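Everything on this sheet refers to the single structure shown next.
Chain IDs A, B and C follow the sequence of writing; residue 1 opens each chain.
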C-alpha cells in the first residue's frame, strides 16, 4: 500500500432548500499526508462528515459544490467524469462508515460481500476474490478469518463488524481511506483496538482521514488535526500543537470541554 | 467547573441545517393542497346535505314532478326518472343518507378499532390473544359478503347498516393501531410518561395512541371511500336501506336499464355523486395525515 | 450520615429465551446491591451489554425485576397496585439517554413540563404555570421555549427539558441513564454543570449510568463498575481511578482515551470480547478473558471483598495480594461498605 497525499482546497458549497441556499462549507482546505492519520474534528453541524462525503463525491444530491478542489496525486476528483470517479471510489479512495452493522448486507456472508467489492474493481474470478477476502479479514486481525468469512453480519459483534468493514475498505488496496466516526457507538475497549488497528495500517503507508468528535481518540493516533466549526476550518496543525498550543479559541474551548476532568468535584 | 461555565452558549445553537441535510422531499405542499381540495369537495357535499334538509327544487319523492324520462334541461337539471321524479332533488336528498352512513360508520370503526387495538397492543396477554383470534376468524370472510350476510341477518334499517359497515371495517383499524402501539410501547417517551405520573391506560391512550394516528387517519380515507361504495352497493342490491329512501346506489340500480336504452342521466348523476364523495375522502385523509403531525407542519 | 434515598438489594433480572424444549436463561442483572444517599452522585459504569440500563429500569419497575428489593426513600417499591407504583415516581425520577425519543413529539415544552405537575402534584392551572416557568428558568431555558415542540429544539435544549421534567415533582433521587451520551462535548459540559448545580441546590441523589469515564471522574462521588450483569468493583471515585483493583476495571480505565498530548497509557489487555450472558456458569465472569486468572476463578463467583475504605472488588487474585489485605472476613454487601 503506497499512500498518496490528499489535498482539499477551498471547498465551498451549500444545501439547496425550499428557502434558498444554505451555506454549509466555506473555503475548507487541508492536507492529509501519506502514512499518517489526519483527524477532522468538529461537533454536530461543523460540516466534517459532509467534507468527507464530498471527497468521495457521495454527498446528498441537495449539496451543491460551488468551488474547490480535491486533489489526489494532482488529479482533481471533483472534475473527473462519473465513470472514472467510480474507478477511484473503493479502489484508490475508500470509506469506512460509522454503523458497521448497518453498512453490511444482512443476507450475505461477510466474506462474499468483501469478494464482491474486490471483483468490482479487479479482473479476478470468484475463488481468488474469496481468497483475497479471507486475507483481508486476517489483515484486520480477525481471528479464524476463513470461518468468519462464511458467517453472516449478525454473527459478528460490533467490534468485529467494524473490522470487517475496514477489511472491505482495504481489499482493493486503496491509497486513502476516510474513516467516518469508526468507533462511535463502540465500547472503549473495542474502540482502543480499532484505533490501534488504524494506526498499524497507516504505518504501512496508508493515508487515513479520521472524522471524529472525540479528541481523546485524536490525541493517541493522529499526526495532524483539522478543527472544523460551522463549515469552516478554524485550525489545522500537528496534534502536538493542537493539544499543547491551540491557536484558535474554539479549539481551546473544545479541548476544555473534552477534558472534563480538570477541576473535578469529588 | 468554572472552566466550563464560561463556555459561550453559541456552541449550543438551534439545530443548524449544516451537515444534517434537509429532510427527504416529501410531497412539498402537496399535503396541504390535497387537504384543501378534499375539504372543499367534502364541504360541497355537506352543504348539499344541509341544503337538502330544508330545500330541494322538487320533492324528491314526488311522482310526476315532470315528464317521465325527460333529459336534463333548465327545469330538471339532472332530468327525471321513470316516474317523472326529479333526479337532482333525489341526488341532493340522498347525500344526507349516504354521507351520514359513511361518517358514522367510519367514526365508529375508527373509535372502536383504535380502542381495541390499543388495548391489545399495550396490554398484550389474554386480551391480545382473544381480540386477535376473533379478528382472524372475521377476516376469513370476504368483507362485502360478510356485510351483506349480517345486514340480511339483522334486518334492514339505517342504524343496522352503519353498525355492520363499522363492524366490517373495524379489523383493519384494530390491526393498524395494535401494530403501531406494539412498535412504540418500548419507546422512551412511553417510559417517560409513566414516570411523569401517567397510569398505564393514560400512557396507552394519551401518549402512544396520539402518536399512532398517522396510519389510522390515512386509512380512514380508504375506509370512508370503501364505505361509500359499499353503502351504494347495498342500496344497489336492495339490501339494508329501506326501499323508497333516496339513496345513490338504489338510484343507480333503478336507472341501470336506461344506460342501454339512452336514459343515461338516471344512473350517471348518482354515480358521479358516489365517485366524488369517495375522491373527497381520499384527498382529505391524505392531507390530514400530513397536517396532524407537528413535525411535518411548516 | 445522610439519608439513603435509593437502595437495591439482591436485584436480579432473568429473561427466558429459546423455543420449546430449549429453554435458556439470559441473565441481564445478577445480584446487584446499591445505595444512593441524598446529595450524592453514584456512577454505574459499564460497557454495552453489562446490564446497566436494565438496572435503571428495574429500579423504577419499568422492567419487572425477577428478584430483589428496591427501596426509594426507605419505602419498598412494589409494582402492584399501579397507583402505589405511580406514587413512587414522586420520589424517584429518570432522565433518559436520548432526548429525541423520550419527549412526546406531539407535546409542547409547556405541556411536557405541566404533565407531572398535574398528575403527581395535582396543581391548579395557575400554580402549574408558575412552576413551569420556575423549572424552565432553573434548567437555563427561556420562557419563549415553552411553546415549542421538541423537534424545534437543539439536542442540549431537549435534554434540559428532560431534566426539568424529572425535577418537576422535586424527587429525592434521579436516575440519569446516559444523559450526555448523545450530546456534543461542549453541550455535555453544560448539562453536567446544570446537574451539579441542581444537586447542590436541592440535595438530590443521582444514580448516574454511563460508559463515559471522563464524566464519571468529573461528577461521581462513588463508582460501581458493572460487567456482565454484576458489580465487580465499587468505591470512592478517587480511589477507584487511582488504584483500580479488578482486572476489568483496570482494562476499562486503561482503554479510555485521554485528550492530552504525549500521554502513553499502559494498556491492560483483556482477550476477546464480552461473552453472551446466556446460561452463565457459576464462576468469575471474566474467566477466559483475564490474564490473571487462576483455577480458583472458575470454581465460584467471587464476592466483593473490601480493599480499602469503602472500596471493594470481586477478584480473588487481586484482593489476596499482600498489598491489599482483606480487612474483614468474607464479603461486604455492595454499597453497604462503610463510608
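Details
Here is the rule we use: contacts are C-beta pairs under 8 Å (C-beta built on N, C-alpha and C of every residue); 3 or more make two chains touch, one makes a residue touch a chain.
Since the structure is predicted, the reported quantities are computational estimates derived from the model, not experimental observations.
Graph distance from subunit A to subunit C, where chains that touch are one step apart, equals 1. Closest to the protein's overall CA centre, chain by chain, comes C.
Separating the centre of subunit A from that of subunit C, both taken as means of CA atoms, is a distance of 33 Å. One simple way to say how far apart two chains are is to compare their mean CA positions; for subunit A and subunit B this gives 51 Å.
Each chain gets a centre from the mean of its Cα atoms; for subunit B and subunit C, those two points are 48 Å apart. Of all residues in subunit B, those touching 2 or more other chains are 1, 4, 7, 11, 15, listed in ascending order. Across the assembly, subunit A contributes residues 43-44, 253, 256-257, 260, 265 that each touch 2 or more other chains.
Of all residues in subunit C, those that touch two or more other chains are 155, 184, 186, 189, 192, 196. On subunit B, the positions that touch subunit C within their shared complex are 1, 4-5, 7, 9, 11-15, 187-189, 191-200, 202, 207, 210-211, 293-295.
Residues 47-48, 155, 184-186, 188-189, 192, 196, 211, 213-215, 217-221, 236-238, 251-252, 255-263, 265, 267, 270, 273-274 of subunit C are the ones that touch subunit A when the two sit in their complex. For subunit A in complex with subunit C, the residues that touch the partner chain are 43-44, 157-160, 187-192, 195, 213-220, 239-240, 242-244, 253-261, 264-266.
For subunit C in complex with subunit B, the residues that touch the partner chain are 57, 60, 62, 82-83, 86, 89-90, 93-94, 96-98, 101-106, 112, 115-116, 118-120, 149, 151-157, 162, 165-166, 168-169, 184, 186-187, 189-190, 192-193, 196.
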